[in-house]
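Okay, so chain A shows up in both of these, paired with chain B first and chain C after.
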Partner chain A sequence: MNPLLDIRDLCIGFDAYGQHRRVLHNVDLHVNEGERVSLIGQSGSGKTVTMRTIIGTLPMPPGKVEQGSIYYNGQSLLDLNKQDRNRLKGIGISIVLQDPMLSFNPVLTIGRQMDDVIRYGDLRLRNSRSRADRRTHMIETLNKVQLRDGGRVLDSYPMMLSGGMRQRVLIGMALLNKPRLLIADEPGTALDVTTQDEILALLNRLVVEEGLSLLLITHNLGVVREMADRVYVMERGHIVETGTRDEIFDAPQHAYTRELMAAVPPLYGDGVKTTEHEGTQPIVDVASVSKDFETRSGWLNRVTGSFRAVNDVSLTVQQGDIFGIAGESGSGKTTLAKIIMGLTAPTKGAVQIDGRSLDGFAGTQEFRKLIQIVYQNPGSSLNPRRTVGDQLAVPLKFTGFDKPSINRRISELLDLVELPQNYSAMYPHELSGGQKQRVAIARALSVNPKILVLDEPTSALDVLVQSTVIDLLHDLRREFDLTYIFISHDLSLMRNFCNRVAVMLRGEVVETGPVAEIFDTPGHPYTRALLSAIPVISPEEDALKPIVSKEERAAVLATSTELEDT
Partner chain B sequence: MSAMNDPDAPVHGLTARQMALYRFRRNPLAVVGTLIVFSVILAAVFAPWIAPAPESAGSFVDFRNRHSPPNWDNLMGTDNVGRDVFSRVIFGYRVSLGLVVGVLGVAVPFGVILGLCAGYFGGWTETIIMRFTDIMLALPPLAMALAITAVLSPNLINAMIAITLLWWTWHTRLIYRIVKGQMNEDYVEAARVAGASHAHILFRELLPNCFSAVAVKISLDAGFVILFGAALSFLGLGVQPPTPDLGTMVATGSEYLPEMWWQAVMPGLAILYAILGFNLLGDGLRDMLDVEL
Partner chain C sequence: MFAYLFRRTFTLLFVLLGLAVLIFVIARIVPGDPARIALGPLATAEQVSQLQEEMGLNDPYPVQLWTYLSGLVQGDLGKSLLTSRPVMDDIMGALPATFELVLFTVVLQVLISIPLGVIAAIYRNTWIDSVLRVISLLGVVTPGFVLAIILQLIAAHYLGFFPVTGRLDPGIGFSADVTGLLTIDGLIAGRFDVVVDALRHLFLPAIALAAAGIGQVMRITRTAMIEVASRDFVEASRAYGIPERVVTFRYMLRVASVAPLTILGLEFASLIGNAFIVEFVFSWPGIASYGVRTILQKDLNAVIGVVLVSGVFFVVANLTIDLLLGILDPRHRIRAGRGA
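This part shows the complex of A and B:
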């Protein structure tokens, strides 16, 4: 049997800034009818270029197919003219893009946007359907993606739907014209882990029910394990390893695949490293802190209500702790961090750092020498127009260092975060993501603080880079006796990095305790739901995950299938 | 960790400057614009040495040679008192560029500082600065300039003051919008956490992020300032004779249209040439620095 999609010996090159660069090297990949195939690789490995070449949206120039061919159903895609190529879009091959926020036009209703897809599909197939027929078809398709209230969804604008619902609509849109091959680019990655879990289950079901073939493009090994029959591993434009899912996961052959597997922090099992620490001296004390945000709207921007982002949170962080605050988006974890940093005043409650109340203390030189923060995205937390050295100098300059001692300290700091000395004169865009985050860590450490607040410091980084940054943080903590407050949505990482964890849900801390206790015997249903939704990379881990009943889950989590009543 | 082995190193080991220069060179119009602007600046600076008849810049008369059409001795012909139009155009660029430097030299720093403050401090500072800017923008510029130069005496300095009074508003708005966007970036908060002063954040952190937009805006502005100055002079409210000014030359020359067309058209083309140069340069810079105005 011929494969449905067959890529043979594909080489793609780019011309940029007068230089030629080959980004895909002799890629061979095929997808059989009804098969689920995953293409896995880190950012910049060429997986998106591959996808765009298949669907024909790679800009050429600067891109150029130098060699090779792509066959869909026996037809050579690269030899088709533009019109015939377009005819396959949405009908033969359909695609689900990564970001459900960016994939919609915000000013048109969902119905209008889906209708366009059907009408263009019909035009290509030379069908014609009435408006009512199209609407029935849309509602049926929405039912397939488990959106029961199809009519209301169609009349909504994208911003009225939750992220999970938008992702579902996006999948529905891809199915409208009954394609045979579905390409999914990092589906659900932009969503919370519990929603991602629902989306992956949905895709798996659709493949069976609709008889689809799936090409899944992702960087997440856990997702691959749940979603693939066969796997291709891509590294810098080369397919370095391919095999069935079990072959790849049980006995990876290529060094790169093994490296990738090793870098994924295990959630359960023998591989888990537990950070042991029993602090005795409280250093951060959060006492029943609440924070309300006013919502304003209407005429003259009046206050129309308030929204409680943090609700009655109490925490104690001991000296030397790596204290994890876990939660999904909107759980209030970043607001809590800002309150601890003295950047936002709590509406109620009080925070004490090193035994001192924040009132009148936050923002002083002494306070800055005590607590500093590392932000999530170093692309935003570093000023693009200032050199690394300039940025490292800022905290020093405002803490009373003189010029020669600033320079000495900058060179010390670069050594600490294992960056070469000449990086001092570089601008952020000349550095890689991991290097930028190292600079941000160096800046936070510059005035020798005792506490570091780490706001998702590795979530913008690839997993291989993440592990090196985490190692660095471990080393620094040992060397300087630091206390970390680690904010993250990545529970696998927390299991291996933190010694204590607090789990937040809608502004409240639902559970807190030593890391092994929380993970091994989670008490709150939300913690259990969260843990059970994490895609893991071995059956052992899967077996150890808590089992959550539907009712339990429904009690704590909003589903992504129902519209909220407003 | 060397740059080559790093798994997530930037793709093409070029610095931003190299990439920008590459984009600029690939844009032929930008290169043409740069050459034009360069030639205008050269003409203005070295006018007495370049002009074939430097004496024509002043109140020189040569009635035997008046109204002579373009020829090899007078490339752009002569005017109603026999002065060489080409030489006067070259000297005219001195006045035009002087106007540009004078106006933008004051209006840009003033507008930029107000925009920075409005965007950074927010609240009442923002309300006062931005509403005042709106009021200034609501005044019809030419009428305002006419009023100012008419009340004061019409000369180059007053024309400059009039234009400056109106020009800063555009920069305030531009910078305000950029700063508002930058305020969402974590580096501003990071600087605050590091204990940086307001002055440091305004001028060391935010200002460098405005430079490319200001550079593009200045280049595009230069053309408009020349045009505006020429318009004022044309109406008799700017530079006074016998100083050679392009606007004044068009005004005087227009009395002899259409027979002796060169007296108005040549200075007009000279205005066009300079403005075209500045606009092409501005567009080129915009593509090169990748800013949106």
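This part shows the complex of A and C:
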């Protein structure tokens, strides 16, 4: 049997600013009818270029196919004329892009966008359907992706839907013209883990029910293990290893594949590292803190209601703790962090940092020297127009350093985060993601704080880079006796990094305790649901995950298929 | 949408009230006695003080302000010293000419700058983009009156393609009584000769006025289109097989048009300012020529009237743009509607 998609010896290069760079080297890849194939690689490995070349959205120039061919259903895609090539778009091959928010046009209704896809598909197939028929087809398709209230979805604008719903609609969009090959780029990874779990299950079901073949592009090995029959591993434009899922996961051959596997923090099993620490001196004390946000509406913009983001939270962080705050988007973990940072005042309750109440203390220079933050995305938390040295100097200037001592301190800081001295003169865009995050860490450390709030510090980074940043954080903590408050939705990472965790759900802490205890014997159904939804990379870990029944899950989690009240 | 419209109109009233008070204050601050100026250097002190009394200049300021505001509400702007006619009548007579010119200018700006901006974005970094860049820069840096004189000299005087001055050929007997706009009234009356002649007269002053805005809006459209082109949904739409033309105009331009439209609204202020000069060059019988004459004569009532009308113009134009943005971008509408 001929494969549905067959890429042979594909080489692609880019010409930019007079330089020539080859980004794909002799790529061979095929997808059989009805098969689920994964392409794994880190950012910059060439996954996206491969995807775009298959669909035909790679801009050429600057891109250029230098060698090789792509066959779809026996036709050579690269030799087709433009019209025939376009005819396949959405009909033969369709895509689901990563970010369900950015993949919709924000100013058109969902219905309008879906209608366009059907209409232009029909036009190319010389079909014609009435508006009403098309609408019926759209609602049927939305049913397939488990959205029951299709009519309301169609009349909504993308921003009115939740992330999980948007991801479902996006999959529905790709299915409208009944493609045979679906290419999914990191599906669900922009979503919460429980929602991601639902989306992956949906995709798996659609492959069977709709007779699709799936090419899944991802960096998340856990997702691959749940979604793939066969796997390709890509590194810097080369396919370095290929095999069935079990071959790759049980006995990875190539060093790069092994490195990738090793860098994934295990959720359970022998590989888990537990950070042991028993603090005796409380440094952060949060006592029944609540935070309300007012909602305003009407002509006069009056306060018409309030929303409780944090509800009666109490917790104590000991000196030297790595305290994890886990929770999904909207759980209130970021608001809680802001309260601890003194950036927003709680509506009720009290916070003590280092034995002192935040009232009157927050906002002072002394307080700023005590607690600092590292943000999620170093790409946006660093000023793109200032050099690394300048950025590190800012907090020093405001805390009374003179010029020579600033320079001395900057070079110390670069040493601390293991960056070469000459990086001081570089601009953020010259650095990689991991290096930028090191600069952000150095900036937070510049005033010798005792506490660092880490807001998803590695979630924008590749897994290999993540492990080096985590190692660095461990070293720094030992050296300076730091206390970390680590905010994340990545529970596997939390298991291996933190010594204590608190799990938040809808503004409340539902469970808190030593990390091993919470993960091994989760008490709250929500914690159990969260843990069970995490895609892991070995059957041993799968076996150790809590088993959560549908009913249990439904009791704590809203599914992403219902419309929110707007 | 209705609540949105209502809110916007409501705020507009406050802006106008503020403007009226501000103008009143400025008019009292500027040196010079309006009564003296009106009567000329030969008038006696008695005559001057009599006129001062008549004009209410001796009342306390709050009383003057009240008289002025209550007159304003009734459409009474007082009498012009220059023409000795009610200022409202003068303005109503001159306004349609200016309105027609500005309207035509904006239409030209939209029709020229946005398509050219889209073209520049599609062919970015090619020779087409470079040529358009030069054109837009020339448009921005050339002052309106210089362009007006050059156009008048070359296109009208030497080549004779267009009339040199005025709104309508004196040989054509027609008076615009319905809307005051020659093109519209001509259409209503079925007089196509009038429409064509009016358009010929409009063309050069409108180009002179539009040039700066065209250059600016073209650049902004280009930048916005390039930014939108890199968004995921554009790639997704292409991959779903939506034709390039539809992707460009329905999917990209609609999102990208927010910035250029906002700029067009702000551009209105300079448009009215520039119209003062361009109308002068082309002897356009509009409110700007009237304004220039009254300012030079320190005809206070008339100046206040002109400034107020310009203010209304500006505010209404921006309201229109806001409504347009609300239609184009649901986020704009819903956010404003929620008042967040």
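Here, the second predicted complex is superposed on the first by the 561 of 566 C-alpha atoms of A that agree within 3 Å, B and C clash if a C-alpha of one lies under 4 Å from a C-alpha of the other, contacts with A are read in each partner's own complex, and residues count from 1 in each chain.
Rule of thumb we're sticking to: a contact is a pair of C-beta atoms (placed from the backbone, for glycine too) under 8 Å apart; a residue touches a chain by one contact, two chains touch by 3 or more.
Model, not experiment: these values are computed from the prediction.
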item	value
Partner chain(s) touched by A:S411 [first = chain B, second = chain C, both, neither]	neither
Touched partner set for A:N377, first chain B, second chain C, both or neither	first
First (chain B), second (chain C), both or neither touched by A:H429	first
Partner chain(s) touched by A:P106 [first = chain B, second = chain C, both, neither]	second
Partner chain(s) touched by A:Q253 [first = chain B, second = chain C, both, neither]	neither
Partner chain in contact with A:Q318 - chain B first, chain C second, else both or neither	neither
Common ground on chain A, meaning residues reached by chain C in one complex and by chain B in the other	none
Touch list for chain A against partner chain B, complex	16-19, 21, 42-44, 341, 343, 363, 365, 368, 372-373, 375-377, 380-386, 390, 394-395, 397-399, 418-420, 427, 429-435, 440, 443, 461-462, 464-465
List of chain B residues in touch with chain A within their complex	1, 6-12, 14-16, 18-19, 22, 185-187, 189-197, 200, 204-205, 208-209, 211
Complex contact set, residues of chain A against chain C	52, 55-57, 86-91, 94-95, 97-99, 102-108, 113, 116-117, 120-121, 124, 157, 159, 170, 173-174, 176-177, 296-299, 301
Chain C to chain A touching residues, read off their complex	3, 6-7, 10, 231-233, 235-243, 246, 250-251, 254-255, 328-331, 334, 338-340
